[in-house]
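Chain naming follows the written order as A, B, C and D, and within any one chain the residues start at number 1.
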Amino acid sequence: MTFESMTTSQPLDLASIRRDFPYLAQELNGFPLAYLDSGATAQRPVQVLDAERAFLEHANAAVHRGASTLVGTSTTAFEDARATVARFVGAGEREIVWAENATDAINIVALGMADAAAGLGGAEADVFRLGPGDEIVVTEAEHHANLIPWQRLAAKTGATLRWIPVDDDGTWNIDHAASVIGEKTRLVAFAHVSNVTGHVAPVTDVVELAHRHAALVVLDACQSVPHRPTDFAALGVDFAAFSAHKMLGPNGIGVLYGRAHLLDALPPARTGGSTITTVTMEAAEFLPSPQRFEAGTQPVSQAVGLAEAVRYLERLDMHRVHEHEVELAALMVDEVSRIPGVRLVGSGAGVERGALASVDVPGVHAHDVGQFLDSRGIAVRVGHHCAQPLHRRLGLRATTRASAYVYTTADEVRRFTAALGEVRAFFGVTGASA
Amino acid sequence: MTFESMTTSQPLDLASIRRDFPYLAQELNGFPLAYLDSGATAQRPVQVLDAERAFLEHANAAVHRGASTLVGTSTTAFEDARATVARFVGAGEREIVWAENATDAINIVALGMADAAAGLGGAEADVFRLGPGDEIVVTEAEHHANLIPWQRLAAKTGATLRWIPVDDDGTWNIDHAASVIGEKTRLVAFAHVSNVTGHVAPVTDVVELAHRHAALVVLDACQSVPHRPTDFAALGVDFAAFSAHKMLGPNGIGVLYGRAHLLDALPPARTGGSTITTVTMEAAEFLPSPQRFEAGTQPVSQAVGLAEAVRYLERLDMHRVHEHEVELAALMVDEVSRIPGVRLVGSGAGVERGALASVDVPGVHAHDVGQFLDSRGIAVRVGHHCAQPLHRRLGLRATTRASAYVYTTADEVRRFTAALGEVRAFFGVTGASA
Amino acid sequence: MSDLSGLYQELILDHSKRRVGDGALADPHASHHELNPTCGDEITLGLRLDASGTKVEAVGWQGDGCSISMASASALTELVVGSDVAHVRELIDGFRSMLRSQGAGEPDEDLLGDAIAFHGVSKYVMRVKCAMLSWVALEACLNAAVAAAGAAHAVPAGVTDASAPTPSEQA
Amino acid sequence: MSDLSGLYQELILDHSKRRVGDGALADPHASHHELNPTCGDEITLGLRLDASGTKVEAVGWQGDGCSISMASASALTELVVGSDVAHVRELIDGFRSMLRSQGAGEPDEDLLGDAIAFHGVSKYVMRVKCAMLSWVALEACLNAAVAAAGAAHAVPAGVTDASAPTPSEQA
């Protein structure tokens, strides 16, 4: 599979795209910046910056509070943004809840379930009540955001946390999942695309398996929604989470998707203004989804910015975005595999992966690798990428990760791999290698 | 006390301030906009908009993750913002935690305490453990954000929620507090300045009373920090919460203040990346404050914007901001009291209040009052202002609230009161009045 | 005063004071409680059909709210009492379309009669829900009463709560 | 290659391989574990004073980390073994000032000797903590050992954990 042979439609116009991103026109240490850390956070096009600014200069006001003309304008913009995001991921408007980030979105589910187990939420919250004997299933490859909230839920409810094991390359398949998911399973949480290995999970198979046991499915879609066409209804998951800042949108806003009847029954963990119908000194009654979860003043301009980011991606066409990244992923795997003394984490050539490559250079600490690349103008991520258990399983403490997005060029990927090839010599490491 | 006689120092230069706010130069229904809803959300000066945009175009990157030059730049900007906000409210840097908004900040405390009661957090979290027999004290005048989280904490722990009663005008004093706070009290939560009555709470007296019974004090500072010099260390409170969007800063970021040793011991309710030291599949260990609470990708550009808002306020000088608002508050009280058939909520002339006036026009629903004002270009807030119990106590369902800020002119206040004087005639309400 | 008189038409101000139908209905076939989360205002509307189950015999409501919501409930009562169930459904649809029009188009006066006075409300997004409150309650009652009548001729009143509208849907 | 050689001086690359002091110290008077949250790297450093309690007799450390952190622990060991406690405190202060300088000024070669090679690290905010890791551990050990010696001449090792630095403080 070569880089060129995969193109099936009109490719992205990279030169034109890059003109929209002021950040990318900068230099780093005397070199043109090669920003290869979009897996951590993406940069924003002027269209998104302009949309948020225009809103703030002309339309900003409280939303869902009061009844002034200004509130009407801001509320309409805010709810239109929700409708735009809903359409983008195959959801109904009431199925899109604004959170602070994806981490918060996952916590809304985990904390709501803990509240249900503590007796809140009435009979309709029964589906969320866990206790001793019940099992929560994650994978060994999860981001801490999709692991620790479930550890805490287990600790609070007495349920048991189990995990789908990964192979030596950090990936897993439906057989691994079937070895763990069973009749005690009440919830299965896993990443659609791994932020370390780029592994693409067999979502519909896991959903089928989980639903056969009446278990809920929570999908961490942080590394999928920004990069590939994603339809939660078609995937069949019960909940999903993603962040705006990884998809050209603002920080400070994430999205929780949930099936409407589940969201309406989930106790809101975070409470406050705008979430209620009637409040007495003794108790409060909550609105249905999404308002029951959006306590306090909402990230309004951020929702407007995110909607503009979605429109930007829709104009590019998510199918073409995906193809672009499939090509870059193949190029990464191909080039990294040729470098002596460098270990690529995850599957090798021929297996689809997200457009990212985490590597280990035995004998050189990841932070030193990253520093060397940095000196060449190449910005990558080093560390455990919030996946310590996966790194431990792979016998590693930290890796160096390059990750791509709509604006990433093949040339930038080649600069990364070329510099990577020089690391061992610079640090005086020689001899046999992994 | 007349409007003019209160000026004690160089007053704010309103004309120059208003030039910084593009939003305020707009028209509403054919009139120059009189934006009198800053108590709900304030508008942003270009300085804040520019600072956030410059950050996004040149310095945006993940923070506290990886080690690249870009991460160094963004992390430094992010932590400098924290230091700026800390200085503004008399706190240490480790005592400032970024939250989604003030509501979230209060929830971090309430949910952390629920987690402590559920057994998380080890021995150091003992100070936060409540159970049957323990009492949580709020006031009857609280915003839902500072009421419902405590109701939920009581429901989860078996503790009892009690409240400081208010007088017929909606205010309370230290005697009311002393009638409720006692040896069973473990926590007292109240607003520094009420968002409905403008009432200024006797903070240090309540702190003294609460601490005498070893109870924790949580201050809702949403309506104080933006409007008056505020020093949490001097006030002696244990926790406090406020929102950036009410003080010229961005949406999507709020602040939790807490005394360092308390924050280090409070279990983090929301968990995920960036909060931990060591994570295994079974358990996680958390960093000290503030990082233990900032799960997932932080509101980075928003922190930068908030810091710029703080610098803007510091340049104006918070003492002068406060004086400006004291004058506007006196003007509001004075003018509203002269309108026949209009009831002002809260204390009358001669008592300090925040620069806001909530009014009832018997016979005309608040939403109709607001609509009439709106047609005159005056944007106010109508409804229960997230304080249903207080409104019920006052025999009201909704009120019409005008609230001022640094850019509000006496002329705008007079337009509000003049239009208010016409409401009854427009809706054909006559006869004796409150 | 801009076009405020387009919102508060004489007929609306008048109905808001007359409040036709104000008061609990005895022996309703269905009754429904509806709340406007923006303001906290509530209305409980009761409906009785005639013996044949095809005509609205009586409507009564209790509630508290702004002039728009009170006038709307009053106008509704005047319009629907004595009408065929099928016609009432047309009225509900017509009223809702008018309120969602954001001020566009001409309302159907033949169908809606006096209720076209509420056309002006459609330009005020935050007030649409006020005008719809009683109509949403009526629709829920109608569904419940007809369902009950179908299941067992003349059952006791069913109290229902309509499912939530989408967040951007005002009514 | 920009000024990467200012960061990775020969002496640093060399120390990162030699690792003077690598290995657990037997019978330490104090031992301290320090973690760098950015990367998860850890070091445990042990300290033994001489009989008089005024001189550093031995240092040993175990840990895993980047070249900067390993080289720093190695250089530290060379510098402090055999030195007066008072002088070691000066060294710690001097090293910390140099690392906080953000590349400004000239480091004090008379005091710090070879350790001035770490001056270049101060320009890399995200790496300052790497160089400080072992020094923070050393400072904690010194405090604990001296306190223990004062309290009761020659007590068993106290294991301490220094309080957290402020978020913007790298060391």
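Note that a contact is a pair of C-beta atoms (placed from the backbone, for glycine too) under 8 Å apart; a residue touches a chain by one contact, two chains touch by 3 or more.
What you are looking at is a predicted structure, and each value in this text was computed from that prediction instead of being measured.
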Which chains lie in contact with each of subunit B and subunit C?
A
What is the chain whose Cα centroid lies farthest from the Cα centroid of subunit B?
D
In whole angstrom, the CA-centroid distance of subunit A from subunit B equals 32
Subunit A and subunit D have mean C-alpha positions lying a whole-number Å distance apart equal to 38
Distance from subunit C to subunit A - Cα centre to Cα centre, in angstrom
45
Can you list the residues of subunit A that touch 2 or more other chains?
29, 65-69, 276, 278, 367, 371, 382-383, 388
Would you please write down the residue numbers of subunit C that are in contact with two or more other chains?
38-40, 124, 127
In their shared complex, subunit A is touched by residues of subunit D numbered 1-4, 7-8, 13, 17, 38-41, 64-68, 124, 127, 130
For a test of understanding, state which residues of subunit C touch subunit A in their complex under the given definition.
35, 37-40, 124-127, 163-164, 166-168
If we count contacts the way the header does, which residues on subunit A are in touch with subunit C in the complex?
64-69, 71-72, 75-76, 79-80, 82-83, 92-94, 264, 276-278, 287-291
Residues on subunit B engaged by subunit C in the complex (per definition of touch)
29-30, 364-368, 371-372, 375-376, 382-384, 388, 397-398, 426-428
Provide the residue numbers of subunit B that touch subunit A in the complex, in ascending order.
22-23, 26, 28-29, 35, 37, 40-41, 43-44, 49, 53, 56-58, 60-62, 65-70, 100-104, 106-107, 111, 114-115, 118-120, 140, 143-145, 147-149, 151-152, 155-156, 161, 163, 243, 245, 250-254, 269-276, 278-284, 295-302, 367, 370-371, 374, 379-383, 386, 388-389, 392
